[in-house]
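Chain IDs A, B, C and D follow the sequence of writing; residue 1 opens each chain.
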């Protein structure tokens, strides 16, 4: 839907995923967890299976299916689920935007189904297939965004090409994650870019359909195009700050809960914080460094925990 | 041949290769086989040599040579094997499309010859040279597709640029395979993309030469261009499902044949399936993971095989 | 500021950073130092913290903040810190160049703050976050330079696209450094490219605003565009020579200071020089080479130090 | 020099380098040699130094210097070593092509000087710096070729963009070689591409300045552009065959010389050939394979050498 609500809703969806990722990966870093590529065998049975259904997968399916339905049947009374116009003699294709959007959303819903099947139904989780499914969803999004841009106004193109940039970087990161599933830098870069896609779509909805001045942005004005890029850069900074805030919050919460309840919160937070820093480092580095530094780190941590 | 049959025939060729790859790599994954980079010494002699001739190589040569012949001598009576028109004073080049197609097909035939020489004739197989030959064939295809696109209608360009995208991704994967010949993700990505090239060429033949409405697609209509991209995205999904189906079929067949005939098929399939999942994982990961998980896996597999 | 001084000042800033890097990395190579990814615990307290403040970080903040201020308030009396013109009915955006430049400079200043917080305030240094901050600053610079170029004259575009090329290569190198922080080739490539950006901005200021002939370069003249590229190539060579000179100077100074004061300078320099060569090699190579060559190197060095 | 001879001479230079590389790398592969990254200490003294001067370096300097001289002073009597026209009031730049070509050739000559200094004069060879110098020369060539193409006819552009493609791939390979100096695939890919650049420049000279029909190719004719690409593809195949021939010749010569003179040439060649195949494989693979296969290879080789 090339409408205000058609940009707001995917924006909120991406933003909520970004924030979910931010909490999830922060916790995984703080707890020193890794993606388990070959998970242990799981209890069989329907009930155990239902318990294991991941929130992320359900969200993807819910958002995706609702969005596809909205494309074709929203506002109520509309029915756009036709590929071509039967009334005209040459059967021209109709609703190209709706079908492109529906294709995009379906791939995200598909990725949700793969998540649920892999994490809940199969005897073992197959992280690899989940990674491929979500990477594919973003690749398809990038391809459709690219073909989406032909023949539109320059401001709209500019807005969409910046979205495409963020989307394409997510694709690259997700591809790298297939082979390096436990790299912390990739985790947080992905999170930040997904959040940026979300906030940028929200902003784009206002730029394209509800400009604050009440008048649409003039597309042929160089000044406007330059400001679109500037705004995008501010979004990146904003989302990095948001990510940092979520990470710090999770860090504080984690330090409270993880059994260091003896001292007051502030004192307890300090060694946790440096532990945290090390864990941030942990996975971005080749293994040889990890080995070399393992010994001296131990000594330092012991010293530090003493005061 | 810029004709209906000229798009159908390479489409079928790519599709048949894709399906062949799907079965081949599924079996290799299920059996835990690897590309043997330095194969054992083989018995010499013409008969042993003839026995070792690979079906893939013969198919490449057959398809390639037939296609080259068809370019120049099809339909019967036609003779296009001339580079320039001798009758005109300035000797202009003629049949540019035919020569480009013939160049493409020749490289695939060449790759077939390299396969046969390497796998059957030489004292040892040289996987590296085979990989380079097939990668080169796809690079040449990409280069010629790119130069093919100038000065054509927009719908035709759109169709060909999506084909070029799939072809270029195959190039990248084949280049990566030169250094990582046993990466399962690369195997299946390649397979899926080759199948997509095949089905897309089949679809392209209908779009360009036999539109279902009976009238050619209008090239200047944005709606048509947007639907071309949507259709391509559906092809990707379709081929992934086809690939999954072939993999599952092979898995079932393999579990029947591999000596677990004691119980009924469904029961026997279960542990095989989880074994299978692990093998899917096997090669996409750096070696350190493999080592760390080797021990716990063993325990789990023992537990699992008990019930 | 699209003015003479607006190109000279960032040029000088980049050049000074490049020269600082040249000295810093030369010394690190000569001393065989590495980026310590997990630094030892540091003494707490405000005084110790202030002592650790890095010159680089202060320079980034100073340059960045001054440049942002200059964009909005220079020359004195000017006030450009407004996003849109309140006087006109449609509230058009104003000062697009100033806001883009300010965004760029802010990211560099931000990177400076991250440096200071990481190196001085935190209980341990977090090299990873510093690397990400500076990489991000260059990515934002590249993005804004790219959007900067629309709708300008061809000579200006040509000059800026070469700057963009250097900037983009720095981005790639900084991204690679996140995972390979101790690669000597990356260190010096980065240094040379930052220096090139600096000298090229200085030259660009003269080309665009103070041409030596007194007349502006004609943008539609192919000859001018070709010379712009030639000049850029000369800058690369020039900066490589400058880098080599700084490295040699540092090498001489280091060989004097490092306790080999027994013989005259020239004699002492010789074995140091070959040590130096090895250290240049040291980090560009995979670890297996290092191990294989460790033994024979020792023997050779002993032999060499004897004469 | 945008002339016939100006394309023939660099073509011959590239071709001669390609053939030199083909022999050099074939021999290195057959002898199982590696680039010694830290070479042993060498005897000092002017005479030993002069003995070590490499032919490749001398060729680069000779070709480069002669080409620069030819740009400015050929044909005799011409003097083009002026940057701008002093006679006109606005001092316009002149001879843009000459200065661009001279810049290109100077970088190759520079790379030659670096080779000689590194291999002959320094106490130890610094392979890393040599690799960087030659990579830089090709990067500069690519950049200048790119800027060279603006505002020319389509046929000329097409020819040059294919040259640029080959040049850019050489850049990528040389960059990869900085970190993987002993990868056999990279060696031969580089060799083949340099040879292709050479033969393509020779062909380009005829296309652009001495067409066989006696009339210049029409630039606006799509047919011509399509044939340019086809011809390039044939050059690639041609040069791969040439490379294979050189490799086989070197293999035969090597098998004669390497002490297996007992039997007749054909018999002796067989085990050498399979040894050769293994060495072709040797360096393209990650080290773990090498280790795994080391044992079985030994057994096989013993068996093979017996018959």
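What we mean here is this: a contact is a pair of C-beta atoms (placed from the backbone, for glycine too) under 8 Å apart; a residue touches a chain by one contact, two chains touch by 3 or more.
Given the structure is predicted, the values throughout are model-derived calculations rather than measurements.
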Chain A on chain B, rotation in degrees - Cα superposition, rounded to nearest 5: 90
Centroid-based (C-alpha) most distant chain relative to chain C: B
Rounded Å distance between chain C and chain D, as computed from the means of their C-alpha atoms: 32
Gap in Å, rounded to a whole number, between the CA centres of chain D and chain A: 45
Chain D: positions in contact with at least two other chains: none
Which pairs of chains touch, using the document's own definition: A-B, A-C, B-D, C-D
Residues of chain A touching chain B in the complex: 37-38, 40-41, 90-94, 96-97, 99-100, 103, 106-107, 110, 122-124, 126-129, 132, 136, 140, 143-144, 147-148, 150-151, 178-180, 287
Chain B contact footprint on chain D (complex, rising order): 158, 165, 185, 212-213, 215, 221-230, 232-234, 236-237, 240, 270, 273-274, 277-278, 280-281, 284-286, 288-289, 293, 296-297, 300, 303-304
